[in-house]
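All chains are identified by letter, namely A, B, C and D, in their written order; residue positions are counted from 1 within each chain.
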Amino acid sequence: MSLILFIEQILNGVQFGVMLFLMAAGLTLIFGVMGLINLAHGSLYMIGAFAAASVAGLTGSFGLALIASLAAAAAAGALIELTVIRRLYDRDHLDQVLATFALILIFSEGTRWAFGSFPLFLEIPPYLSGPVTLPGGIEYPLYRLAIIGVGLLVAAGLFALIARTRIGIQIRAGESDREMIAALGINISALYTTVFALGAALAGLAGALIGAIQSVQVGMGEPVLILAFVVIVIGGIGSIKGALVGALLVGLTDTLGRVLLPAVFSQFMAPQAASSVGASLASMSIYILMAGVLVMRPSGLFGKA
Amino acid sequence: MNLKTLAMAGALGMAACAAQAEVKVGMITTLSGGGAGLGIDVRDGFMLALEQSGRTDIEVIIEDDQRKPDIAVQLADKMIQSDKVDVMTGIIWSNLAMAVVPGAVAQGKFYLSPNAGPSALAGKGCHPNYFNVAWQNDNLHEAAGAYATDINSTNTFVLAPNYPAGQDAVTGFKRTFRGNVVGEVYTQLGQTDYAAEIARIRSSVADTVFFFLPGGMGISFLKQYADSGVKKPLIGPAFSFDQGILQAVGDAALGVKNTSQWNKDIDNPTNAAFVASFQEKYGRLPSLYASQGFDTANLLISAVESADVNDPDAFRAALEAADFKSTRGDFAFGNNHHPIQNIYVREVIKEGDVYTNKIVGTALENHADAYAPECRM
Amino acid sequence: MTSPLLDIRGLSKAFGAVQACEDVTLTLERGEIHALIGPNGAGKSTFIKQVAGNLDPDSGRIWFDGRDVTALDTVARARAGLGRTFQVSSLAMEMSVLQNVVLGALGKRGRVLRFFRDVMRDAALLEVAREALNEVGLTGVAGTRVADLSHGQRRQLEVAVALTQSPKAFLMDEPMAGLGGEGSARLTRFLDGLRHRAPILLVEHDMDAVFALADRISVLVYGRIIATGTPDAIRRDPQVRAAYLGDEALT
Amino acid sequence: MRREPLLNATVFLGLLAVPLWAWAVDEPFTITLATRVAILALAGVGLNLALGLGGLVSLGHAVFFGIGGYAMGILASHAQSYSALIEWPVLIEGTKSMPVIWLVAMGASGLAALAIGALSLRTSGVYFIMITLAFGQMFYYFAIGWPAYGGEDGLSIYVRNGFPGLNTLDPIQFFAICYVILGLALWVFSRLACSAFGLALGAARQNAERVMAVGIAPYRLRLVAFTLSGVITGLAGALFADLNRFVSPVMFSWQTSGEIMVFVILGGVARLFGPVIGAVVFIFLEHMLGGLSEYWHIYLGAVLLVVVLFARGGIIGLVAGRERRHD
């Protein structure tokens, strides 16, 4: 493999990782502050994508579509937080898993009922479409570079939010000691709703950004959800830094696994068999990575023991 | 118990409850969850044909398999054991067909496949009671290989998901392709990001790309491929280019060549009437799945007209005769009960606001599948 | 003279820059109650955790019954004969009182991998369990769910579970915590008799109890033992007075 | 009269009575449904051992269900095609005998559970949920990409495997086999729950520190529980494959793990009959709601949500009140 192709694949891995980070950040934030496992996070991703596709279809503006995705996902997040999720904070993980699984069923079939079974159309805006030539002669889609940019901006924004702002202080307080925030006179319900809506908005944004280069359809959220869980578990649940590192690790492992494993097997196997076996192993690679990390560090890379 | 029973008595609709149906048809198809669009099209095409026939003696029981093999098996058991159906149909996916069909035909039922055509049922595993009205799974891929050869492609890159249908697709393509396969990549089933694969295509010496990525996978790939700036022509089977999917892909699909046994512009009266009536009744253009459902129902009706379903040999002979007007024009079964048919090359175009296909050539004429010789029947 | 039953030598543990336990040496002789006292934050919990096996010391060794147990985990130390009670009641809350003591008896006898016999009909285990309940005076509530017990009853149950172990030594972390005056007095009387069965290393805040019970007292301040001696000696120790005990507490 | 035993007896006898009635009036599909309930309940009993008694929230039990299924599929497909499973170093042939298949299924899933448990039990809480899910995904993708046994298409077995002295093709006889096995598993579960092992395991779930302080290592207990749990779920997988005469990678999917968990929670976690009642209600809902609308998943979701939010302790908790298992 040429160096240029290799660098391009690294970029692809980073881009995939950054996309996963947008999903994982909300998940890990919600777990860190409220101790909640939210399986319905993938549904919020889907809602973001559907909202963006609808608005883009009506107005033709990608910018408005992104705003719509943030708003719709945040609104849906706040709605389920107020009606369902807040009853789950003091439950065990089992109840949370089941209740949010039920929410997936409701959201998925509800969306199908509203939008039909066929995928929706959402395209990259003209000013972001097509490839650009990077130094070294690498041709790379501008839109993917934009996703990397947005993801890193969001990461920086989250770090700043948590380190610098009032709500960040409350979030950190909530992570370390839930009774303390009550003692500090903070309105916990409002804080929880805000954090949940923030996490939901990030998922919705991810859905809209990714919807433009993938398929906007019912069920699009669950595969990403599982990957996002892999990310936060590798990074250590509750840690934004862990989510970023985990996302990049998963993105790179998956992309490079897909590229390199078939090549490795083709050294000593027939091409079709090598490609097939390599692909099988590649789809298992991130789970092997996750199991390996957990066996070494049972609380993830940056998790609290 | 039959809450889901959709009794259908031709144009009379609900009156079917009272009618003594002579033929009971069990339709197991995918109506909810992922991939529901395909099942809905097959069902709608099938019911349209039945309605147009005006027959009151065919009762159809429709059940949703949720695309789960175990549910499909369970429904088949129910239809055979409780509803005592004579004929079964409807399954979209090969893995579900493999779960249901061998058991159903072994119990003496007829099975008419409106979509899936796994090789195991076309070759050694063929069965007198199994008829495939759509295609053997390899057919459209073979046509793609033939087309790539016709346009003098010397090097091609192939891409398919890592599961049996994907591996069969590549095998089918290679069977008719005379150039070199310079890259062969199997992706994860359900994969949504193809950046790594597109990068490999870009750096390869291929002059064409063959891909088989059904459903949402194809949408993602086409969008990302168009955006990557790689200009190598794409060739694929019709599954990534049907009416439902094209609207979600948009401009990214324009001009792409794909192979299909059917298109809405095939010039015959049956097809013209089908396209018009389907659009009128359901408010959307029919897909190839709808055409397959429509043909399946018409095949069944033609057999019911000339034979009694309780006389299996006569009914089988009536099915084999395939004396019905197909949307594809001439239609005939080979010795293994799979179609012998033309497979066309289509190009994605835009008609007004709607993305659709037009036929630009014929890839294979009167094509039979490669497994027919293995079938001893 | 025999060697001490529990012999802790030069135990040190630091968390980052904080030296929570520094060169602590302490022994527990057979038949005695040795109390460890100290102000909050003196490192008592860190010390107890190291003795019980929850925390590995940075340096130092722990000998128990003639054996170096420094490398053993909690489970192995419990099996070696260290009976522990917790500062915050640590019980199976959804189970009955009797089940909790049967669990204790089971641990000692080690036959956990029995899958088919009803454990609540095992006469040998029940005898040990009922005996322990009887000793602490909980026989009347044997069938009650632990979650429904009063705080004081849970403290008693903690002790009962430790009794079922027939340990060679008790490691008790503030057994009087949260008990009223009357409860403390009763438990004090009970522990007084217990020392002849097995010696007790007692970490306790209740000074009345400590001075009534202890044969020896060690004072832990900022992770270091500043004095060890009889209650009288400790009372008189100027360093202890200065560092920890207010004058009133000693009169 | 205590209500839980009464409820249990009613459900267990009802599960026998319905197919017998269906047999009498020749409604074979109802028997098939009852068989399905019995098998899924068996899988749930397996999970309940880990989840209910041990507090181990495993989102990867589909692994054992799938291994059981594939044990059946692989052995029977070799017997079907008269090809040897392994020729070297020893000749191993396929088989169509249910008891042999069951033993292999239980052995294989038990070994898998031992290995997965040994690694996964190093973690706890959410990490445990996720690592078990990860193992499930590994098996799922492996099964899809493994061409030897059908990949995603799975394996079809044309004739149900045999049991000495019975005609397993007769729905009522196959139901009888599954029902008896379910009964045996429930008996084993009830014995385990009140055994020394069950007591220690339950205590380790409620308070691991306490269990360690009395000299019992929770890790070993949990590993044994997880392994036994895998064995039972594996057996259910073999029966399920025989019911459908078909296996596919779907048996390994995380949705399958989720469904087994739903049975247990719907019925009542750690309750002896929790998985049985959960499976009965789930299958019933699937049929009732499936008839109402194409979008029946919405209603299923709503029902689940209501159960979780308002019926803590599942359906048994709702009917029989909080658990009381004390002397």
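Couple of notes before you dig in:
To be clear about the criterion, a residue touches a chain if its C-beta (ideal position, glycine included) is under 8 Å from a C-beta of that chain, and two chains touch if they have at least 3 such contacts.
All figures in this text were calculated on a predicted structure; none of them were measured in a lab.
In terms of the distance between Cα centroids, chain C is separated most widely from B. The mean-CA centres of chain A and chain B are about 35 angstrom from one another, to the nearest whole unit. Chain geometry summary: the mean Cα position of chain A and that of chain C are 49 Å apart.
The geometric centre of chain C is 44 Å away from that of chain D, both derived from CA atoms. Computed from the mean C-alpha positions, the centre of chain B lies at a distance of 75 Å from the centre of chain C. Contact with two or more other chains is made by residues 32-33, 36, 162, 167, 186, 188 of chain B.
Multi-chain contact residues of chain D (touching two or more other chains) are listed as 141, 144-145, 147, 295-297. Counting partner chains per residue, chain C has no residue touching two or more of them. By the contact rule set out at the top, the touching chain pairs are A-B, A-D, B-D, C-D.
For chain D in complex with chain A, the touching residues are 51, 57, 59, 119-120, 122-127, 129-131, 133-135, 137-138, 141-142, 144-147, 254, 258, 261-262, 265, 269, 295-298, 300-305, 308-309, 312.
By the touch criterion stated above, chain A contacts chain D in their complex at residues 31, 37, 84, 87-88, 91, 93-95, 97-99, 101-106, 108-110, 112-113, 226, 229-230, 233, 237, 276-277, 279-280, 283-284, 287-288, 290-291, 294-295, 298-300, 303.
Every residue of chain B that touches chain A in the complex is listed here, in rising order: 32-34, 36-37, 40, 162, 167, 170, 184-188, 190, 192-193, 195-197, 199-200, 202-203, 215-217, 219-220, 223-224, 227-229, 244-245, 247-252.
Of all residues in chain C, those touching chain D in their complex are 52, 73-76, 78-79, 84, 86, 90-96, 98-100, 102-104, 106-108, 110-120, 122, 125, 142-145, 161, 164-165.
Contacts from chain D toward chain C in the complex involve residues 191-192, 194-200, 202-203, 206-207, 209-217, 221, 224, 323, 326-327.
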